[in-house]
Amino acid sequence: MKNYGEITGIRYEGKDSREPFAFKYYNPEEVIAGKTMKEHLKFSMSYWHTIDAEGVDMFGGPSMDKKFGKIDPMEMYRAKADFAFELMDKLGIEYYCFHDADVAPEGRTVRESLENFEVMVDYICGLQKRHNKKLLWATANNFGDKKFMAGAATSCSADVFAVAAAKVKSCIDATIKLGGMGYVFWGGREGYETLLNTDVALELDNMARFLTMARDYGRKNGFTGDFYIEPKPKEPTKHQYDFDAATCLNFLRKYNLTGDFKMNIEANHATLAGHTFQHELRMAAVNDAFGSIDANQGDMLLGWDTDQFPTNVYDTTLCMLEVFKAGGFTNGGLNFDAKTRRPSNTLEDILLAYIAGMDSFALGLRTALKIIEDGRIDAFVDNRYRSYREGIGKKIVEGTTAFEELSDYAMNLTDVSVESGRQEYLETVFNNILFG
Amino acid sequence: MKNYGEITGIRYEGKDSREPFAFKYYNPEEVIAGKTMKEHLKFSMSYWHTIDAEGVDMFGGPSMDKKFGKIDPMEMYRAKADFAFELMDKLGIEYYCFHDADVAPEGRTVRESLENFEVMVDYICGLQKRHNKKLLWATANNFGDKKFMAGAATSCSADVFAVAAAKVKSCIDATIKLGGMGYVFWGGREGYETLLNTDVALELDNMARFLTMARDYGRKNGFTGDFYIEPKPKEPTKHQYDFDAATCLNFLRKYNLTGDFKMNIEANHATLAGHTFQHELRMAAVNDAFGSIDANQGDMLLGWDTDQFPTNVYDTTLCMLEVFKAGGFTNGGLNFDAKTRRPSNTLEDILLAYIAGMDSFALGLRTALKIIEDGRIDAFVDNRYRSYREGIGKKIVEGTTAFEELSDYAMNLTDVSVESGRQEYLETVFNNILFG
Amino acid sequence: MKNYGEITGIRYEGKDSREPFAFKYYNPEEVIAGKTMKEHLKFSMSYWHTIDAEGVDMFGGPSMDKKFGKIDPMEMYRAKADFAFELMDKLGIEYYCFHDADVAPEGRTVRESLENFEVMVDYICGLQKRHNKKLLWATANNFGDKKFMAGAATSCSADVFAVAAAKVKSCIDATIKLGGMGYVFWGGREGYETLLNTDVALELDNMARFLTMARDYGRKNGFTGDFYIEPKPKEPTKHQYDFDAATCLNFLRKYNLTGDFKMNIEANHATLAGHTFQHELRMAAVNDAFGSIDANQGDMLLGWDTDQFPTNVYDTTLCMLEVFKAGGFTNGGLNFDAKTRRPSNTLEDILLAYIAGMDSFALGLRTALKIIEDGRIDAFVDNRYRSYREGIGKKIVEGTTAFEELSDYAMNLTDVSVESGRQEYLETVFNNILFG
Amino acid sequence: MKNYGEITGIRYEGKDSREPFAFKYYNPEEVIAGKTMKEHLKFSMSYWHTIDAEGVDMFGGPSMDKKFGKIDPMEMYRAKADFAFELMDKLGIEYYCFHDADVAPEGRTVRESLENFEVMVDYICGLQKRHNKKLLWATANNFGDKKFMAGAATSCSADVFAVAAAKVKSCIDATIKLGGMGYVFWGGREGYETLLNTDVALELDNMARFLTMARDYGRKNGFTGDFYIEPKPKEPTKHQYDFDAATCLNFLRKYNLTGDFKMNIEANHATLAGHTFQHELRMAAVNDAFGSIDANQGDMLLGWDTDQFPTNVYDTTLCMLEVFKAGGFTNGGLNFDAKTRRPSNTLEDILLAYIAGMDSFALGLRTALKIIEDGRIDAFVDNRYRSYREGIGKKIVEGTTAFEELSDYAMNLTDVSVESGRQEYLETVFNNILFG
């Protein structure tokens, strides 16, 4: 196997290639369904996992070193940024995402941290232009530091709320400066450890106040992109308020925040909430809140966020089907919120893992399109609900009937039956298309 | 141990009693916090588990016989009703709940089923008066029969939708006739087995159409009580639309159904959705939708609805704390949606199980009141959020600040820290009050 | 789509066929790796799901009718048997499996039930010869009837133990008569609902006594096949003693039953125990207990045994890889312990579901062989452990070193590091082979 | 509330005390059932959580500082040790447990690390004598460092195996020097991330070789205490070989390691494996492997090891019942493998959390004894199995019958039934004793 340094660019070699550092399914400039593959997929690199995280877990220290031989903090973060944009070049990835804390060193004070961040944003702005990359979205890490241990917008301390606001303000400024079209809220500590010490009503009201102020600040300063809420049910806190898409949507409706806020759906968060990835995407879409995607996969037998690179092509196909049904991405994209397994601790593994994820989504894209072209599944669904396009069904849908009429109608039915749902047949059709 | 027949009435004998057929903590007429225990608790018998279910599970046949020696269907259901009201008398339970299918035999046609139901409702009306009992709520079983295999209000067949409407209409009529103050929707088949064959958007719209018509019909005909949605995440279907309280509330908000519809929270459904019982009650309350309770408990290591009689006093205490904080029951109550374990297959076990549940909730009620009187936990919470009652916190709550001001404020903070959440201390206080 | 009656035999048409009632990947007589596909796979029909179960679940009645127009019990069971063998013919399935209760009606007494069973075994014996089919394994249903509510071999009643023994004896006799090479024990009620009423030590001893007597009886009467334990963690009981393969193996070792008893691994039981299907197969194999397979799949987000027809080709491939590594089937085979989803309620769905499962396993077989031929994954593993083939590693494996020497050796190591596990790369290789 | 420094010793003040820093149920010198409470309970402090861990989790940095103002590593670890023994004094805890890595700083080489460890063991030896404390057990941290990323005894690298051996040798030496009566193996990385890169058979054989050498080394050097395996199903690895008690026991039996090795059962590991704490204790006991306990509790709705201080008195009572039934502790004890919640970040919280745990176990001890004295539950169980003490049941237990006789016997039974299991009644009795 080649070394990281020897690899200049990952190229598409097609499905028969045995070269580890080549794409077998992802052909960025290939046009399918009217757009290039890279336009359909809008792949993004996650700064935190890829550029910062060193393989630490709850039971072990780092398995990688990502200090790039630097000791001075600002120098180290510049080296990280240089590495990041070179990596994106090697992979042919156009977008990236970050938390403020990913790109700049923590200062001794809030002020110093924000200053470090501003300096690094300018540095990244330069890299972005030189490498022709785009910011998919930014976000503030308002969960890592000790001061956020009881929440940020939902902290019991108003001072912490204020610091969180300062950080989000600064990140929104950065998003605008970098031309990002998304801004994400992930409330890692916005929730509770125990209801015994928690005033849920106040905390939810405060969270709404925070998001309202963020929205107002962003709009006032020219941010025209989407705000995203990223649902996750638990971890690190026992319960997080943004449990799943439906919970977030109830919150947004209650506090009149729909429209400005959409969903950033993560596969592994979906399954931790007891849903399929596909389900959460569908829930977002039917509530007019389909936004962006954190592409990864969990281990269905593990109860925490494993953030694995997505390699299950069933899931990537079902995901891309939902993306197509939702009309494709507008401001959003596919961000790999994924990390190599702790024992995959080389730079080569980072490339191999991105290739794994990108090829899996490329296959998912190709298969989703084949399913749509094939038409059998869509036709089945369409036919299944035909009774709502005529007679009593039409009246139901049009709202021109009532229980009295429905009851009379039902009384006169001699036999009421439903057709088979044909799940096994549909799964077979799916497999036949997937495996060709 | 005495036989069922020998037991005329279960009496309160206090905590030192060793008599199996006596209450140790539930003293119905004892006044605490201004009301009798029975007024606080509003216990209800579930007709389906208690009067109909015979211990069948997915791997085994009946372990009990509840046919009362009858062969003729109508005679059998009258015998069941007689037994039901005698049982409530023995237990001193004032309320009951039923599905249409619990109280009357299925006919060969929809019409005949509804006629059987009407006859039995009249019969029960008589029993209710003689035994001085009240209907807590009624509901339609729109999930058991083959015709509902793909849903009722969300069926792909408009005819099935109509039959479901006829049944709900008939149950609302019965509720009004019996003076019930609640009507429950539990959508056992309102969901999907696979998204491959499902038009989620249409199904959700249809569910809203159905509930809107039900509400309109009820209000027009004089029903002034509450409609309840009963959240449950999965089982029998792979996914049910009414996943948890937040999901239901998003639905109600989307379709303008709040106000008329409140939540019927079931302990075992809460935990199957990944929440505590207490969490779901709190979610209902902070969304102005606290309604009624299905009191039972699940096995936290099992992935299906075990519907056990509640015996965990931690849970009953935390439940009653939420009930007090929500202002107590209005139209709702505590319905034992619980069944004896399959090998607890005697009539005596039914009494013992209800005693277990009623005593556990009586202890929960007593302990919850002690916690409120003790005041330590409430005072801790109150003090924890004090920063929102002055200075910048007050401005946040009153909506008189913005990100610019918050950022400036934050920049000038020298040290930002949060007090300990003291979870272990609060759990100790809880234990000290619970165990005296 | 054709009707059930019109379909005479499912034929292999290859992957481009769009005919629902044809195999796309399963070509029974095609020889790969030295055997025909049907010899590799040894597909078996499960009598209970396919011939008896009518779609009942915990919340609903039947969605299918499998009474074949008969009222007289013995006539009905003969009609069922006729249907079963015709169905196997249509599908080209050679093996079948049953519980005693699946093939004959329950009598009023134990004696009558056993007599019914004997009559039906003779009838089936005739069908088996005429249709050229083989019994993969038989088993006794010692969990369905009320008398088994507290277990069979682990019942608190010695009489129930005796009845269970009589039934197993009768089933072993039938297995011998029908030439079956396997006999399965699945202990649906061999476990507990609560430890409060359970003498675990006595129950485990009794279970061992029961299995020992069964083994002795079988061997004495000429049964030379394998006895199988089928692990399952929970459901219907709260805890089942045969939790997973490792638990069963500890039991077999403790009571000196290894050798005669092997594992019957079920995919859905594996995942309910928190394991992958592949893991359980590997555990059986490394403990010399690889036996037979119950082929199905669960829903990873549901906590009960969904017994779905296997359609996930990742799982079928990983399963077949384990089968190959274990040397292929000896007495065992692939039994579809699977049922159509409740809304898939037609005879056509049964065929479609079997086709789904058979084609998925055929693809799994083909892919597993490709992975072995490809060699990259096996070579990677082989190379990864090379340090145990020389030097200190060799001494460890050969047992010629001790802690003192190892410690001295370790002290002199200057740098100790491990190579990357390359999980993402290996998953990519897997995908590349799977998707071609 | 008092400050940490002001608290000299936690005293028993009885259940009516409202003093946070006092025991309400734990009265160390009180004699019940022939022993003092402290002899029954044998409480132990866990060095890692209490003295080292600073509140870091996967999404956040430290919330506490445990560097005690020191910069020099050896000085810091001496300060930690001083703090540890003072803390044990304050709490009146007699035992402690540690990993090598908890008590001494990591060196630049294996040799230097072991030397640091030896120095610190001598230092602790002095403290132990002065403070009159005992080592419950020691263990080696063979999972934290990068070199163990693919396992220790099951690493693919023989060098890593050797380093692991050196570390265990050194820890066994320390255990002997400190007079510890237990030595624990917890195989945090002894398992796999993916079967695609794993030779399970070799790894299990190597694990057995490792344990055999450890046992031989210990016995040769005079260690007469117990070796313990600590089961845990997953985390940090995807699958750990020591999944649960039954899995460990199968392993020990296979490799002839029973007798020397017993179980160290952890409550939170039990539930992560799908078992109750009580179940795992019972499994250990019925397999003659009851050893020691890691006392904590998990959150049943979370899928990772939360290591909470135990406050659920149902669980502590059921645990102590099992301890009594197993004959009490011999070499083992109750080690609090528990940490304060991240937001409980003060030294006072550490005291409050230990008080919470110790009082909960004291209540559990008292209640367990009351249950035994009460006798109703034991009598119920005893009576339930009476059929095995006479007639056919006696023959079954004595091994003097066979299937032929059992079958004949069963044929002549006219009615076979089992008595009710009375679970709800037994739960009520349990509650009545628990709540007095």
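Going in written order, the chains are labelled A, B, C and D, and every chain counts its residues from 1.
Here, a contact is a pair of C-beta atoms (placed from the backbone, for glycine too) under 8 Å apart; a residue touches a chain by one contact, two chains touch by 3 or more.
Bear in mind the structure is a predicted one, so any value in this text is a computation, not a measurement.
Trainee: Could you compare the number of C-beta pairs in contact for B-C with that for C-D and name the larger?
Mentor: If we tally the C-beta pairs in contact for B-C and C-D, the bigger total goes to C-D.
Trainee: Please pick, from A-D, A-C or A-B, the pair whose interface repeats that of B-D, with more than half of the contact pairs identical by residue number.
Mentor: Looking at which residue pairs coincide with B-D, the repeat is A-C.
Trainee: Where the centres are mean C-alpha positions, what is the separation of chain B from chain C, in Å?
Mentor: 39
Trainee: In whole angstrom, how far does the Cα centroid of chain C sit from the Cα centroid of chain D?
Mentor: So the centre of chain C lies 36 Å away from the centre of chain D.
Trainee: Going by the contact rule already set, what residues in chain D reach two or more other chains?
Mentor: 146, 149-150, 193-194, 234, 274-276, 301, 341, 343, 345, 418, 421-423, 427, 430
Trainee: For chain B, which residues are in contact with chain C within the complex?
Mentor: 55, 57-63, 143-146, 148-150, 188-189, 193-194, 234-236, 238, 272, 299, 301-305, 341-343, 345
Trainee: Considering only the defined contacts, which chain A positions touch chain C in the complex?
Mentor: Listed in rising order, the residues of chain A that touch chain C are 15, 18, 20, 24-25, 271, 274-276, 300-301, 309, 311-314, 340-341, 343-346, 348-349, 352-353, 355-356, 359-360, 363, 376, 418, 420-425, 427-428, 430-432, 434-436.
Trainee: Flag every residue of chain A that touches chain B in the complex, lowest number first.
Mentor: On the chain A side, the touching residues are 109-111, 114, 146-147, 149-150, 155-163, 165-166, 168-170, 193-202, 204-206, 209, 213-214, 216-217, 233-234, 239, 243-244, 246-247, 249-251, 253-254, 273-276, 278-279, 282, 286-287, 318, 377, 380-381, 384-385, 387-388, 391-393, 396-397, 399, 401-404, 406-407, 409-411, 413-414, 416-419, 421-423, 426-427, 430.
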